[in-house]
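Report on one structure; see the data block that follows.
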Amino acid sequence: MSPVTWYQFVAVLLLGIGLFGLVSRRTLVGMLISVELTLNGAGLSMAAAAQFTDMDAVMGQLGVLFVMGLAAAEATLVLAILVIVSRRVKSTQTDAVSQLRG
Amino acid sequence: MSVQREICDVNPFPEHVAGDFYSNYFEKGQAENTLIINMGPQHPSTHGVLRVLVEVDGEYILRAEPVLGYLHRMHEKIAELKTYYQYMPNMGRVDYLHAMAWNWAYAGAVERLAGIEVPERAEYLRVIASELNRISSHLLWWGAYLLDLGAFTPIMYAFDDRERILDILQRPSGSRLTYSYFRLGGVAADFDDIALAKIREFIPHLRGRLPMYKDLVTDNVILRGRVEEIGVLPLEMCRRYGATGPVVRGSGLAYDVRRAEPYSIYDRFEYEIPTDTECDAMARYSVRLAEIEQSLRIVEQAVAALPEGDFLSKGAPKPRWKPPKGESYFAVEGARGKIGIYLVSDGSNSPYRLKLRAPGFSNLSLFSEASKGTLLADAVSILGSLDLVIPEIDR
Amino acid sequence: MELAGKIIFWFYAVVIVAGGGLAVTSPNLVRAMLGLIATLFGVAGMYLLMNAPLLAFMQLLIYVGAVSVLIFFAIMLSRASATGDEGMEPGLWPNVRAFLAFALPMGVLGLTAFLAPPAGVLVPAEVDPAKLGQALLGEYTLPFELISIVLLAAMAGAVLIAFEKRGSK
Amino acid sequence: MDVPFELVRIVIAILALAAFVGVNAVILVWVERKAAGFIQRRPGPYEVGPQGLLQTVADAAKLVGKQLFTPAGADPVLFWLAPLLAFLPIFVLLLPMPFGPTATGMEVNLGLLLILAFAGLNVLSLCLAGWGSNNKWSLLGAARAVSQAVAYEIPLLLSVLAIAFMSGGMDLSAIVREQGGWPWQWNLVLQPVAFIIYFVAAIAETNRAPFDLPEAESELTAGFHTEYSGMGFGLFFLAEYAEMIVVCGVAAALFLGGWRGPFGTDGWWWFLAKLYALLLSMIWFRWTYPRIRFDQLLVLNWKWLMPLAMINLLVTAFIMKL
Amino acid sequence: MSAPTSITEKITRLWSLIVGLKVTGKYFTKPQVTLHYPRKTLDDENLLTYRGHIELVGLPKKPGTPKCISCGMCQAVCPSNCITLTKRKPPKPTEAEKKAMEEAEARGEKVKKPSAPKDPASFNLDYTLCSLCGCCVENCPVESIRFSNDIYLAGTDPNAFRYDLLQRLKEQAAAKPGAQKAQAASGGETGEGEA
């Protein structure tokens, strides 16, 4: 098996772990952590594909960088949402938040 | 304050009072998402064993309440057990930074009660000793306050100068901190020529140092940011809590016992009462620095006009001396404010009751209100600007 | 070098999986964050291994330096208890649900990767950062601008959300 | 099995750097205390060794001998991971540092980026220390550390980027080589604003006075390391000084011509001289200024350093394009 | 940082930072003001005025014996009760003397009982309690108490600060043979540190 497949396996595993966490976690922060894992899996897969195949490496690396930028933006937004949720609901359990109306 | 925030005032006075201060006034009233922190009794910025209970939201203080009593030494009760003569050393321990003023307050109260005359030279010596002591107290405050604000070097410079005062005062009094220099009807020992020469040398020296203080600290932009518009105590608030000394003078009221109720020979000297109308920590800071200069003026005049004569009155009370029945009140201006001593005598050789009015106590009571809604760092700045001496507050 | 490379690859793989496992299962959120950081380091190591140091360092700079700190901030803000009320939900269905979320993509994607192995290069070439920069400003200007707009929007949005609350309360 | 040369080199370099960090931290602590002493007109450490030179060693021996105490209710893993996390990255940080024309641990094309990336770990260790201690003061210290570090990282990055723009790369050795030996050939002349921003931000990043808010002892007792005893505290202490060496080393390389010296006297001695000059000025600041308040710290960053760094970067980019 | 300020004001504010550096830089180069204690000590001029714990003053002729007349004034006046003084008991008369006295008393004569020596049997100071007020020194009728100038006083055991002042006086007298007159005049420069 070529190295790219191994990398892809790790990436997919990471993605799976992230998804698992996303479903099983009950707090916003836990879900945020899981999302980061998922994004990392995606990034790893992209980078491996770009580096180990004949594909344009520049594009792959730029893609990973974009993913990182998105992750940073997403984390900022989640933090801001969390500020409000924690002040208003006094809890960051997602179940509690879902009971909000309006 | 630039960073003040709106506070929802929690006032959880319980019906039934049981348990300690913390469980009664803080634990129950705690809002969510706040922290209750014990600042002290051992904390670097409380200058001794003062405990301040603070409830903070982030770094903003919602409530702050000083808890006293960790250094309570029953000075008032001790007075009832000692003779008039024996009580004097206690005064040096009430406020160890301006011991001379407390010495004076007690000596003055007894002298007023019994009508003891103090020789002229003794009055001058008292003024010199007291004012030098005031300078040393202010210098120490200056250094310690800057230590609170995170500057390490000024306290060393302040101690350099303060050490000279201690050397001077050690000559007649023999001690360097907890002076027991005053006696009923005079002082314990005379200033010799060396001491007077040292004073004459010291006055220009300190005047030469003050510009350095200004350059290093007073003008510093970081310090200005830490003290300007911090801890604004309006005059009305100072009045409400009975604040005196540099605190009330920093709020614009030129109240100084040396002027308001002249005692001893203060009316013979030319000096100003520095005031500042800004009401903030900077005002108190600049008032204290200005007072150093004014005290130097007084010392200069007193040394120049020092008359010959006895330093202790011929009829000075002996250890088993009994004053007449009656009561008296004597107030002096200490480095921290108005020191008052109320004395009741039943004719025996120890006081029937002695009440000490400590300025630090009133000044500290401002803190709770002044620190509401400020940052933790500002609260430290406010606490420092009140110039607290914990043994004096607890007595 | 081939053997060393393999050893290092497996080491990173173990770090990634162990960190990920900790991140999604630890009842203590700070420890979960620690697991995330371990994973991030592992991924950065893999980037290094595939000769993309720029990605590796950017990974550390952005994820470890910024995102995990933000997460830590979030943990502090939400006042998660140190012992943790976070963990697996009791009951069968949530567990099955979570496992499905894990297994389905795993199966599909893993099978794809296994069945359709691409023609790989064994030793990847390092890409000059300057080339990346040129591509960013030449070929890929649009995504670049888009990502900056997204970042800007996120920043503005975060500020707006955080401020809206203070005004309304 | 043949061991690749690169690997051996890195191992040797890390060992050498460990020695360098150890020796320099000891010397630097001594220099700091001595300088503080002289500024405050007292002798400073005096008793152990000639002029107290071995005082730090004695202190370190004392710290090693102390009990490692984990406070009740603290998370032991986080609590003890934090000092390690503060200390270990230092070696990586120093790896691409150009000490001399040939004395570089590892020539990395992206050396600058490497340093910036691993410097972020420091914040994390402060967070973990503050959180893991189960102490309110520590927690407040950690909160301060987080916002301070996150805020000041941006102007730091931007000011460094200005230099990277000018040299067209992130290789520290290359940046040094592009500068001349004389002071007017330094990047400092071309980028004075970037230098000032970098230095201020660097002081803030290393939590040195007047920006030592995370450990402000008069407010937070000792901030994030309130609960640490023995070598736990020792590692934080060591890390602080090692980090000072890193930031000042980067400043020397980026702005002050690194190991370049006039009259062709290039060599590591110039680098060390410049490094210690910068370190001394940091020490000098600490013993002169009061501590800044937290909101002022942020105002300084967002209102002054950030826009200035931004403008500086834009102007640099514009001029480079011309 | 609060009010909007003009450019010049900002510059002066920044300049204040430089001024501060100048001050500390200047002092950096200046000589130190502290005294490096074990190697250098203060001159005597500074020490003589320091009031350490009290000590007894010997008779001009017999420096080993205190002037003290055991009146107990110091003990009574001390606010901290740190002085313990015991008087000497009168010498016990021998049997013959006793008999003679009894006989004399029986005869109705005025008997001169043997009086106790005036110097104290013991004179102990608990320095851990003393507040250095000086009441005892001021009220001693025969000026038998003075302050020592013992400034370098340190110990790890509280018992080290419970002094037998008579013993101390004897040691001081022994340490200075032939200095009987100097004893009365100055504060005893040599024997101080050995307490």
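Letters are used for the chains, namely A, B, C, D and E, taken in the order the chains are written, and counting of residues starts over at 1 for each.
Everything below uses one rule, namely that contacts are C-beta pairs under 8 Å (C-beta built on N, C-alpha and C of every residue); 3 or more make two chains touch, one makes a residue touch a chain.
Since this is a predicted model, take the numbers as computed values, not measurements.
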| item | value |
| --- | --- |
| Any chain in contact with subunit C as well as subunit D | none |
| Shared interface partners, meaning chains that touch subunit C and subunit E | D |
| Chain whose Cα mean lies nearest the overall Cα mean | D |
| Between B-D and D-E, the pair joined by more C-beta contacts | B-D |
| Computed distance of Cα centres, subunit D from subunit B, in Å | 43 |
| Rounded Å distance, subunit B centre to subunit E centre (Cα mean) | 30 |
| CA centroid of subunit A to CA centroid of subunit E, Å | 78 |
| Cα-centroid distance, subunit A relative to subunit C, in whole angstrom | 5 |
| Residue list for subunit B, restricted to those that touch at least two other chains | 2, 33, 153, 157, 160, 216-217, 220, 222, 225 |
| Residue numbers of subunit C (touch at least two other chains) | 54, 58-59, 66, 70, 73, 75, 79 |
| Residues within subunit A bordering two or more other chains | 86-87 |
| Of subunit C, residues touching subunit D in the complex | 1, 3-4, 28, 30-31, 34, 37, 53-54, 57-61, 64-66, 68-70, 72-73, 75-76, 82, 129-130 |
| Residue numbers on subunit B that touch subunit D, as the complex places them | 2-3, 35, 37, 43-45, 56, 58-59, 146-153, 156-157, 160, 216-217, 220, 222-223, 225-226, 375-378, 380 |
| Residues on subunit D engaged by subunit C in the complex (per definition of touch) | 1, 4, 73, 75, 77-78, 81, 108-110, 113-114, 116-121, 123-124, 127-128, 131-132, 134, 139, 142-143, 146-147, 149-150, 153, 168-170 |
| Subunit D-touching residues of subunit E, taken from the complex the two chains share | 1, 17, 20-21, 23-25, 27-34, 36 |
| Subunit B contact footprint on subunit D (complex, rising order) | 36, 39-42, 136-137, 139-140, 143-144, 209-210, 212, 216-221, 286-296 |
